[in-house]
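Presented sequentially are two complexes of chain A, the first with chain B as partner and the second with chain C.
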Partner chain A sequence: MTVHNIRVGESKRGDASDGALAQTVGGRLSRVDGPAKITGAAKYAVEQQLEGLAYAVLVESTIASGKVRAIDTTAVQAAPGVLQVLTPETIISLKTASDWFGTPPPDKPYCPLARDITFSGQHVAAVVAETFEQAVAAAALVKVSYDETPSIVDLSDGKAGDGIPIDAMTKEWGDAQAAFASAPVRICAAYNTPREYQAPMEPHGLIARWEGDQLTVWEPSQWLDGMARTYAEWFGVPFENVRLVSPYIGGGFGSKALALGHGAVAACAAKMLGRPVRLVMTRPQTFTGYGGRAATRQTVTIGADTQGKIQSIVHRGINETSIDGMWVEPLGSVTSIMYATPNFSSKQNVVRVNSVVPGAMRAPGENPSAFGIESAIDELAYEVGIDPLEIRLRNYAEQDPEAKKAWSTRQLREAFAVGAERFGWARRTPEPRSMRDGNQLIGWGVAAGTYPVRRAYGEAIVRILADGSVEVESSSIDMGQGTYTILAQTAAETVGVHADDVVVKLGDSHFPRAGVAGGSRLAGVMTGAVYKAAISALDQLVGLAISDPRSPFHALQANTLVVANGRIASPRGDGPDVSIAELLKSVGRDHIEATGDTMPANSTAEDRYKNYTTIAMALPHTEGDYSRHSWCAHFIEVRVDEDFGTVRVSRVVSALDSGRLYNPKLAESQWKGGIIMGIGQALLEEGIVDRRHGRIVNNNLADYLVPTNADIPDIEVISVGIPDLHSSVLGGKGVGELAIVGVAPAIANAVFHATGKRIRDLPITLEKLI
Partner chain B sequence: MTSLPITLTINGHRHELEVEPRVTLLDALRDRLGLTGTKKGCDHGQCGACTVHVDGERVLACLTLAAQAEGRTVTTIEGLAREGELHPVQAAFLEQDAFQCGYCTTGQIMSAVACIREGHAGSDEEIREYMAGNLCRCGAYPHIVAAVRQAALEVQS
Partner chain C sequence: MRDFSYLRANSLDAARQAAALPGAMLLAGGTTLIDLAKCGVAEPETLVDITHLEGLDKIEVSERGVIIGALARMGHVADHAGIRSRFPAVSEALWQAASAQIRNMATIGGNLMQRTRCPYFRDPANFSACNKREPGSGCSAIGGVTRGHAVLGTSDACIAMYPGDLAVALVAFDATVHLGERQVSVDDFFLLPGSTPNREHAIEPGEMITAIEIPGSAAARRSTYLKIRDRQSYEFAAASAAVGIEFEADGRTIRDLRVALGGVATKPWRARAVEAALIGKVWEPDTVRAASLLAVEGAVDHGANHYKIELAPRVVARAILKMGETV
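So, the complex of A and B:
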């Protein structure tokens, strides 16, 4: 087993911020998994070195719609090193698995290699060989012939139509149409976002190994228990027979939460061959092997009075989905809560196109939703002649306008105030094209963002070991959010030891269970579970110290004892003062162990299974009396070259409310990362579809442009959050998804201020400005 | 395809290998020698995750054939720390939190060591430009710049 288990104290740290104060919850402790990552010692999933490993390479469809007529593998079979060629005819049959809600699947077989083609890049065959190079060469010899039929390449295709209404997305109160019609000020505009891709630096892939009917899968995963369930259902084996191992994850951003077709292919190959098989997607395959963010279209109409006070919002949206799958990108999610309005209507359709089914990408729903409403409110500000910051305050929602409930916490007003002060917003001249530096037009834009607090349950084991160190185990994961670190801090503070003396083990589905690392929920869930387990372990420790006849504290007859800095003492300071190790030795124990979970007390085993392997039991963010969300305000400066239309982001100040931060150093990194991905979304990122074959033509990291170091200025982030105990056990709200929300509209608004041109179609590229 | 015997000198150790001519230095490191600290992000020279040093200069291991590295000195991330002491660039990356998922990190660090050695760490702007070949999707760029700036001062002093 390879999981991260480096003790912090064993490596040189050299950081003054890692002192005693950094060790507790809320401290700026450096990443405890950092030493492994900076030395190359951290072994990611597919880097396990296994005896007898064979290598699989996928072959994908080159048409977007039609049927596979034949697959000629004659040349492949004769190629050196080839062990196996998988086609729909030769691959073993699987069962259809349930979806992530746990909906019982249709009773029909599942084949991860397609005969019926619904998008370009669909897996149609795979080749397994002794070496990676042999598999790559042999896969190029697979000859696939097709009967091609016309395809719908994207939303702008004439055959795409209006799509399917998704009634569950409809939100309405008051009479939005009538109020809009009678409003003295009216704006109406359409906003588009293209296909975007998560593009994590580590490509998707796995190693699958069967031992009898036991399957081990080393695979980067945002959700070990959910993926284990899918593998178990595909192969018809008990859940316990599948072990997912994922010690480190090279970025996910939503794309590594589910078991996917390539995983099924690798697991089938391993079973058929009787050898462990490694399959890693090529970078181009990552653009069609799973879905990125769906392309979206929105219209936002706002009716307001002449003072800019909103009277009505009418919102209509569509997103693309695939021919045979369903993805809904909730486009009204920010529209319905950001501003107070007495009348509101939002509806959404989905449109089927010949694409892989889109998926979750950092703040699905909130991200494009905010591009619509946060651009539209800026347009309204200019229409009525009010400062874009002032109009946001004038329409501030004092409670959740949709749920009609109080916010648990909403430090958005504070975010606007602090961000504006640090940015120097008061020095902004409102007229477009009124600020310049030589031939560069300067624009200042503002926009807000939000993300709901998604809550679920988790469990963890906390052990106090004979040497006084503490061990934490959980099947949750760390893909860079800092789970290893904040759980070490939580256990350290709760038990009363240094974080240096805590080892956190994650990323193995045989550990105590956890739900998905998605929707910014994991930190809140797992700090709660570790806190409960650690309290329980501490109670046992203190109980032993007080009551065991062999304990040095036995004669003291104390009611309680204090554990701090790894030592146990009486709260009054009288009596013995011994280390945890000495106490355990005196009472003859080699460890203390406690399991903690945050599930309701009467939960059944079935409840637990459902909680950890589906998302069906997640608590709504408006459950009970409160509406729970994170909030942020972005202030962004752009410089636009007047002659060339090139846009550079030159300054960013963002103030964010994620409640209490478990580790500000790591939270700030995640926020900045979200802002940087937002800069990419605003200025660079767009999946370009070839209109003849429905292919993503820029399916690589040279042509699908993600931000580089040279694209990014220094970024200032400021925490304005306060502990929110309605949102989590320790008071935090979501961090990871929040900061991208609102960045693209802040940039679009800044570009308007710089140039006088309103770009409603992302990304904002130079040809749209000249 | 016929395999050929080659000898690679990596982090001061000699390794005898039998590889096909088409095997890249990256796959030789990762799949044959177990040196998985060098990462594969794109396999096409687009992302920089596989950056190693050959004769002291940064190269992309995915665009270098293993056979091309014969007779030359290869340094990977595993060879950067000396006697358990982190290289100043490694220490600065930890202190500045210049990474999140960690997958691009080893390539960033190898690039940063070379960037400083090349004399291209004179200003934040220069660091951004000369580190632009190493993509980081987590968005650690501002912290990478801070780490390279810090390490450059330490290395020079």
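So, the complex of A and C:
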């Protein structure tokens, strides 16, 4: 089976923007996987053509709370093509797997099909048939009867209560309540965000195939090694027996990092049937088959002096979780570090409701947290009559107010300055409703964002092959963020070849290991691992050239040699000049291979397993002497129709500090993607629940609105970062999640400036403004 | 989706005969039918493919007006020079409907047969009560999520909104639907839900839409379609208005006015009260705004859709004002 094969050279023809320096780290090389994707040549997980493939379709609960009384499958068994009907009674028993911290699981069986119903849309049965159509038709014949009990619909449900205090989220210094009570200026407001969904283009799905006790899973994955561990633990087989294959991913946004119930169903079906089984969620199922962003409520209280200098911040947050699962969306994460304050208090509760357990969605925690604090500081600015940009500078945190450590780098002041200049902020008139164009009220808003630098570990193999080309292998993944491309650039620059001559292979858990592609950590981790492996391969190559008696350089008695453009020469140019291929031939080698990793030197095999299959070993962003974060400032113009209440974003200028950019073109694309997603969050996105049924009714892409091209203006993104070697081997900080943080409050602030109406509940739909 | 048989009609008569079979449905662009089959609402036993019938995709403009064949694609009609110059509201309504991909597939006849987006109607697995699907089963929408439901033309049995754009412009300009020999006005073609929301169109088994005819008029020539929604593209209307206007020789007195609403009613909604209040009057912003309030006479909200009652008159007023300003 061909996993993946991409040559950079095939992709860059005709793209003038690539330029001569594109192939090194920091160059604007176009995505090397782009042509395969846009021509359809890229084969996604469930597109594998396997002999004997059978098709599974899920049946889901239609109540939000209660018990399955009975499942009548009589009609299903007789339907054409049906191979198997899986119910809690017929499906094989699995073991409970450990969580993503690697916490040892309770010794009890796990069944991915539910008898006890805790949300509408829970998997209760599955039908496997010879064709997809037969499986769909048969699944509609499954009759499930229930004993229904009252459900807790959402956070506003009277039965929801105050929830469970999460002590680990409590952050306090000084005496925030007392300082607030004595502050001359006080504001207090509540900010709400709804359920939001990742809505990747590629729905979740997989093909599972067993050969003896070896399981192969083709599945879009942000974390091959973590998901392989879960499958292995479910089925009680060694970790090495599970192979995850995921060369391409059609969008994840946090939703494809974990093995989920539907994966267990498909793997069970394949094992029971002795045939490979494909299961793909329908679009409606993707709204309940796994969790989107939890709905949140925050209260932000700020005490300040009359000059707008913050004296106290008191923050209280709650997020929803499921009846039997725990999801904490850290709502105080930005609140505690964005501004200098001598007194601070943040606490958080989690409330159980009848929904699927919420999950990670682009900047979990930071995103809703910023909506609270960045709206509140804007309210404070109007309260004291200071420009919203100026008040942010007056309260600029010169060090991490929470950890009391120096920032590794914080180019936020630069971001404010550059963004304001490019946007023309100085021309803003401060009064709400003071700028208009006909029926359009114009508003300008600003907000900041941040995301911590999460550091973990990665491994890679770099091979220099007989023809002088270079091959990189890693079980890390590329879901569109550019891993293939930046690893090619890293290997090319380090070894001294063209990126055209580098082949990067990713997305196979049998390759050297990598941790989760989440928390914006993968690029920093993997460029480091590839850099180290490539240095090691280069050392071997130069070592051979100097020391092997058959080498043309042997007589030169050199200490070192230079490798560039695929050729080897002495530093002074006074000796032979041969290609890598020629050298390898002369010394009788068909390849050179080196591994590299970013783990601590004394890591054990157990450490290694934990590093790559859990998130327990990741380094805190405040480890050592520094506090490490990416930063950004968004300047946004909106036009609000005064009669209709419709909000259109007409201009975005964002300045961002992600440290050194491994590839500015790809980083800019990710930033823009985050900003677009933030526009959707601000204006459109909301999972709407029928309160009688506890069910999301807009569970499709016609009714759950994400932005179209027509909703998005030109977006200007400006990098203000500098290399941050405290954050990564090559100096980069996180990119992927940063840019969504702060977009929604910048838009809400702009809407206030346009209309004089402060909207504290997302999304800002038209009925809130008319 | 269950198994069905597929017939390709090679003549209009054959198509009509096949369409009269129990459980038969006509397949043209398929953009609605396939969607509804996937979500379990449409369960045809026989699909009669009419896309190969010849001569049904013509657009014929004459002095009297325009006749648009039932199989003309939305995209072609939207871009047709004669439609754009003589019926701008029709072209604009089509341009603002659906997406480019859907407009390239969907036909004009099929567009008239588009069904509601009511989420309860579209999810039979989870919501068994729907009088539109199963007469007498009840209405899940009443008391549920109603942000997108109708405020005009509703009944105790159904509050589902008619979601289309084109027919709003058609009803404003007195278009007729050709059902072979029989012709019926677009206004009469769409039925109010009353106690039979399952019956949406005045079309009998064995009948087939062959064309739409729109009479030419000065008001149609000076017309627009204004569609308001949260998302700029690919969303159904929160409220929309098709408006056409004709002035007397003085350029200020309204001789003829056509107003129809979309996004707020159970069918394409002609706002005759607004027309009557303004015909013969001098075009003047305050007069227009006051008269536009009549657009939602008799409106009944169900909570979350109350904003439509506020919004619709503003949309009507803006459209009438825009048509007056371009004198």
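Heads up, the rule we're going with is that the second predicted complex is superposed on the first by the 765 of 770 C-alpha atoms of A that agree within 3 Å, B and C clash if a C-alpha of one lies under 4 Å from a C-alpha of the other, contacts with A are read in each partner's own complex, and residues count from 1 in each chain.
Just so it is clear, contacts are C-beta pairs under 8 Å (C-beta built on N, C-alpha and C of every residue); 3 or more make two chains touch, one makes a residue touch a chain.
Everything numeric in this text was worked out from a predicted model, so none of it was measured.
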item	value
Which superposed partner A:Lys757 touches (first chain B, second chain C, both, neither)	neither
Chain B versus chain C as contact partner of A:Asn709, first or second or both or neither	both
Partner chain in contact with A:Thr646 - chain B first, chain C second, else both or neither	second
Touching partner for A:Lys610 - first (chain B), second (chain C), both, neither	neither
Chain B versus chain C as contact partner of A:Lys95, first or second or both or neither	neither
First (chain B), second (chain C), both or neither touched by A:Ala41	first
Touched partner set for A:His510, first chain B, second chain C, both or neither	neither
Partner chain(s) touched by A:Leu683 [first = chain B, second = chain C, both, neither]	second
First, second, both or neither for A:Thr62, with chain B first and chain C second	second
Partner, of chain C and chain B, that touches more residues belonging to chain A	B
Contact residues of chain A, present in both the chain B and the chain C interface	133, 137, 702, 707-711
Chain A-facing residues of chain B, complex	1, 20, 22-23, 27, 30-31, 34-44, 46-47, 49, 76-78, 80-81, 84-86, 90-91, 93-95, 97, 99-106, 109, 124, 127-129, 131-145
For the chain A and chain B complex, residues of the former touching the latter	11-15, 17, 30-31, 33-44, 47, 49, 80, 131-133, 137, 198-203, 248-253, 280, 282-283, 479-482, 665-666, 668-670, 672-677, 700-702, 706-715
Chain C partner contacts - residues on chain A that touch it in the complex	62, 120, 133, 136-137, 140, 284, 439, 641, 643-646, 648, 683-684, 688-693, 695, 697-698, 702-703, 705, 707-711, 763, 765-767, 770
Chain C residues within the chain A interface of the complex	1-3, 40, 117, 119-120, 123, 125-127, 143-145, 147-148, 228-235, 238, 306-307, 310-311, 314-315, 317-318
